[in-house]
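Working notes, structure below.
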Amino acid sequence: MEAVLKDRIPVGVLGATGMVGARLVALLARHPWFRIAEAGASDRSAGSRLGDLLAGEEIGPLPEDVAALEVRPLEGAWSSPLLLSALPAAVARKVEAEAAAAGHLVVSNASAFRADPDVPLIIPEVNADHLELLERQKKRWPGGIVTNPNCVVTGLATALAPLHEAFGLERAVVTSLQATSGAGRPGPSAYDLVDNVLPLIPGEEEKISAEPKKILGTIGDEGLVPAPFALSATATRVPVIHGHTVSVSAGFRKRPSPEEAAEALTSFGSRIEGLGLPTAPAQPILVTHDPARPQPRLDRDAGGGMGVTVGRIRTDEVLGLSFLVLAHNLVRGAAGAALLNAELCRVKGLVEAAAERAP
Amino acid sequence: MEAVLKDRIPVGVLGATGMVGARLVALLARHPWFRIAEAGASDRSAGSRLGDLLAGEEIGPLPEDVAALEVRPLEGAWSSPLLLSALPAAVARKVEAEAAAAGHLVVSNASAFRADPDVPLIIPEVNADHLELLERQKKRWPGGIVTNPNCVVTGLATALAPLHEAFGLERAVVTSLQATSGAGRPGPSAYDLVDNVLPLIPGEEEKISAEPKKILGTIGDEGLVPAPFALSATATRVPVIHGHTVSVSAGFRKRPSPEEAAEALTSFGSRIEGLGLPTAPAQPILVTHDPARPQPRLDRDAGGGMGVTVGRIRTDEVLGLSFLVLAHNLVRGAAGAALLNAELCRVKGLVEAAAERAP
Amino acid sequence: MEAVLKDRIPVGVLGATGMVGARLVALLARHPWFRIAEAGASDRSAGSRLGDLLAGEEIGPLPEDVAALEVRPLEGAWSSPLLLSALPAAVARKVEAEAAAAGHLVVSNASAFRADPDVPLIIPEVNADHLELLERQKKRWPGGIVTNPNCVVTGLATALAPLHEAFGLERAVVTSLQATSGAGRPGPSAYDLVDNVLPLIPGEEEKISAEPKKILGTIGDEGLVPAPFALSATATRVPVIHGHTVSVSAGFRKRPSPEEAAEALTSFGSRIEGLGLPTAPAQPILVTHDPARPQPRLDRDAGGGMGVTVGRIRTDEVLGLSFLVLAHNLVRGAAGAALLNAELCRVKGLVEAAAERAP
Amino acid sequence: MEAVLKDRIPVGVLGATGMVGARLVALLARHPWFRIAEAGASDRSAGSRLGDLLAGEEIGPLPEDVAALEVRPLEGAWSSPLLLSALPAAVARKVEAEAAAAGHLVVSNASAFRADPDVPLIIPEVNADHLELLERQKKRWPGGIVTNPNCVVTGLATALAPLHEAFGLERAVVTSLQATSGAGRPGPSAYDLVDNVLPLIPGEEEKISAEPKKILGTIGDEGLVPAPFALSATATRVPVIHGHTVSVSAGFRKRPSPEEAAEALTSFGSRIEGLGLPTAPAQPILVTHDPARPQPRLDRDAGGGMGVTVGRIRTDEVLGLSFLVLAHNLVRGAAGAALLNAELCRVKGLVEAAAERAP
């Protein structure tokens, strides 16, 4: 292991050829700590050169050694202790469980295990301490599964965290205006989405309602206790390529003024400050005072796609406070989120532990 | 007057060359009761042939006599007792007041006078009875001004009306996803709106919050008493040509189930049933049970653009009920709204009264 | 048969549930001569109510009797002598051949048989006389197949026809900017097409190059002799819902001035003038002198979607003449084209002949 | 001057606040040779902080010292010997001439002087030698003006250059599908461009036809002799943010096969190889063999936005060869083009010469 940590740590990517997988590959290709040693995908892709399969993705050119990787099937043993997963939920349920059973640390973007009470659902800046749920997972398998939230929730829960901490969130009503890349490939057809809004994203509103409660929950003797606020969501799809916009109205025990809310967001004490995680943005939350922001095109790439931008903070005659949140769904909301979780696991010694478990 | 009523009633259009004005001209061109006798616009346009000025509008070919009208300036006396206004607010304040002072009945889409306590803000199906506010206006001028709501509010207030009546609206949180035609010409640039969402529409949220309270208010001895609910709004612009989508969460004194809400919407007893107004849709509210509706492209033209489509009616863990509303902003939300108001005025004898007042 | 002609003629629609099929159903629903008696689709759709399958199409409400039709499978005997086909090419090859073998007159939008030397490829205004190729088809089967061109070619060949007749077309270079509805369902994803141009439409350029030569060809003793001009095409897909724009540069034996070209286009003597075909537009070619036209949004619905708009006619220092052509790909280029062909067949007695052949 | 060359060379930017100016500022902010010392704009902007004026541009954060620059008016003396201009043509004609008269070297993206016989129109990789036209300019003023081509022409002429050299271009027919950022601010409205194609870009086709002849021309005793080919263009605007696509059909004296054309493009011997210009892409022309490329979204950022991608090279039955060209209109076609020209001027000693001329 010593040798491994001296050099870049080999990781396997599960689901390397989807839209999120491609971003993950691109982020790993330039990563200071990790290197892709294995890239798995469905049988249809297995055997092909990774670079060929990702040629049409908007990720720029890959280093030659990464492009040259031969994609392997998802089945069979993996040699890397750390596996990053961008699998679809249905496939993830089986493949990730098998990997955890084989002792791997699986850091996953899939929704398959997010709601399980012993599976940490992590935004490092917000609830890094929830990693301790991994202890409870040991009853299930020798390895572990760590997840990140849904692509809307990552931005939303990050923005709610400091407000909840300071003012006690009671209720929130949110409407999301989601980018098409959140639907993966192929996603909605141009025929259906150009000059249009799709008012339904199946399964999405349930995740948006449930996941923030887990993320902002606390860990007690009996495991995780969800935060006791109410949250209702309407999820829509709009003709935007990347960047989910969320319109939020929220009510708090102690009603903040817009200035107090802005101050809480700006001074948010990230739980990973000082850890030196390479993918962490300089500032997790950016408050914009330009009333015409945030906008997907102008703000999705803030902090290398890892920044969450909050704007138009104002009073609201129904719940008290309204604002808009924007984050890049493929980076902060998916590939970057998983990678940051993997970095957190590494500094917490979890990757090393997995390496020791490995055969 | 008798002769006039035998034939089509001559009307003047104030602001005939903007996007709303063009729709109004197109709707009037085929109207069974009214005919455009005068078309006014800014000095820049005055003197030109109406058909030439509207050549680039998406309104199809105009009848030869309408196309041949010479556009007149806004200033100066008008000969038609009934004037339909699609002026910008700033211009409307002066021009409409002068017309009312000269005895005309002005039916306006402009926001200039909407909030005035003696000016009726009418959606005929919802509050035709508010026309009686015209009595109070007589203190100001011999003529009168009748207005229709903002392009988001028309659909929203129509959908809220039967729910308020049946269940007592207390609070609503809404987020609008508005089409670019709502901004008129030129509106947002393609550079700013393609692959983007604009999170601010200046002045819009105030109108969305205020106007439904007036429309659903009641008329007492002291004039109009606004309905006492709270309503907060976030207004966004999306890359859609026509059709505003509104995401609504609402709380009621008597909380309805989704089925009860749908039933109230479907069985809505329009205040103009039986009046035979030519622009009134067969059914003012269409409830869709397709969870992927309403959509701007599929539903904006319902009822000739005058139908309001409500869908995805469901419970909401914060306020109680959530749903989406869609209406065509240029028709139901502007030109068609004004025209329907003019039709209502005619059957109420107000056009005839204006004709008698006229010089 | 007499009785049939008194009432509306029953027709069968092959492939009634695709995007072109839906348009065909909508056009037939209001047709003065024809009525849909049978609607066939793939086994997946068979057994369902036609109205339910078409609920998401942009075709407005269907009459109750049409909506209530039960969709039948493509296999098995059809009772209507006239069948209109909107099948995909691969399916059409088998199903249409069987129908022709069973004596039906098949009027098809599919490309399967377009290139066959004994199959007429018809734009009624241009080459109605090519119907006589049906005589040659009698060697193959008792029925017949009549086709219309590709969705780009209909507009293009219509515009080239009067120019070829008057000036002798020698060469043309065209680039198409095609709408997404031309790709059917699902067509390109929004992820691939928003803020983008797709520079390849597989198989399209070959059709654009070949079909105009057949349409503008002449019938000699040995059958059809293609027109001897050269035509090369580049076909691109742009973020437009309906309406194919074609940029054309053309060289002629007798080089016309732009004015002469405009005059030839405007005075085009349609081959179906006076036949009273209900779907024929008043004028097949509309020449616009507005230099900012034709545009898909403004011109695709000209003539009920059956008009071909030509604009920006100007000299060209390479081939001699350049201009742009626009037509609605789903109407003039597909459903309306097939329907107009069916109307032509009816007035030529071909539907009656098919009825006499039928069992 | 010695001191200046040791450190970064101060440059002035004329028109720093438009869309091209913003890109130029962003590129200069990270430039190894140049630094922005002066930023000028219209009187409306003068006096403001540059960073504030560019806050809404898609250029990412600016270094503090650049953001803090106070924008100056265009009038009045400039202290930097080298001025980079992103002015609109009408303003450029006056301001650039005055600057050249004052001894400055003006490297301009404006079209004002491009067609002047003594003004070099430069794509460094293609015709760096045309800089010698500056000698002829000395008759007009002590300074000099160097221009880069129109945003379509940069990609087009770069692609034509090796083909012309190898095979002798005789004729080309091109249709452009241009991005909205090419129109600057505000550019076409979303209302006009979403779900649409605009078939006219005023003045564009003349530039596309003329400029490649100058760029590929030769310098004789009498000055520049334009290349003697014919070129006709149709310029359209499509709903794309950045990246102009050009469909090209071309005829040559010696007709190349697609393979020979690809080989000539790939092995293109850039005229600036070995000069180490920082903005020059590793390879000026990228030939893609993916038939679904080039695409604006996937290829506009090749080579940092300075690469020209050519694809779908194939035979053409009219002129001989067809292909598509794509380049980023704001970078390769504007800001990057001007900057690369400035770099070329610097290595040719022209900046130093201007510094010596300066007061």
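Going by the order they are written in, the chains are A, B, C and D; count residues from 1 in each one.
We take it that contacts are C-beta pairs under 8 Å (C-beta built on N, C-alpha and C of every residue); 3 or more make two chains touch, one makes a residue touch a chain.
A quick note: this is a predicted structure, and the numbers were derived from the prediction, not measured.
Asks: Most remote chain relative to chain A, going by C-alpha centroids?
Replies: C
Asks: I'd like to verify one number: the distance from the centre of chain A to the centre of chain C, where each centre is the average of its C-alpha atoms, in whole angstrom.
Replies: 49
Asks: Find the geometric centre of each of chain A and chain D from their Cα atoms only, then give the gap between the two centres in Å, rounded to an integer.
Replies: Here the centre of chain D sits 40 Å away from the centre of chain A.
Asks: Taking the mean of the CA coordinates per chain, how far is chain A from chain B in Å?
Replies: About 43 Å separates the centre of chain A from that of chain B.
Asks: Residues of chain A touching 2+ other chains?
Replies: If we look for residues of chain A contacting two or more partner chains, we find 194-195, 239-241, 292, 297-298.
Asks: Indicate which of the five shapes (line, ring, star, complete, other) describes how the chains touch one another.
Replies: Contact map by chain: complete.
Asks: Contact residues on chain D for chain C in the complex?
Replies: Against chain C, chain D makes touches at 171-173, 175, 177, 194-200, 209, 230-232, 234, 236, 238-241, 245, 247, 249, 291-298, 311-312, 316-319, 322, 324.
Asks: Can you tell me which positions in chain C touch chain B when the two form their complex?
Replies: Touch residues, chain C against chain B: 55-56, 58, 60, 194-195, 241, 290, 292, 297-298, 301.
Asks: So in the complex, the part of chain A that touches chain C is made up of which residues?
Replies: My answer: residues 19, 180-181, 183, 185-195, 239-241.
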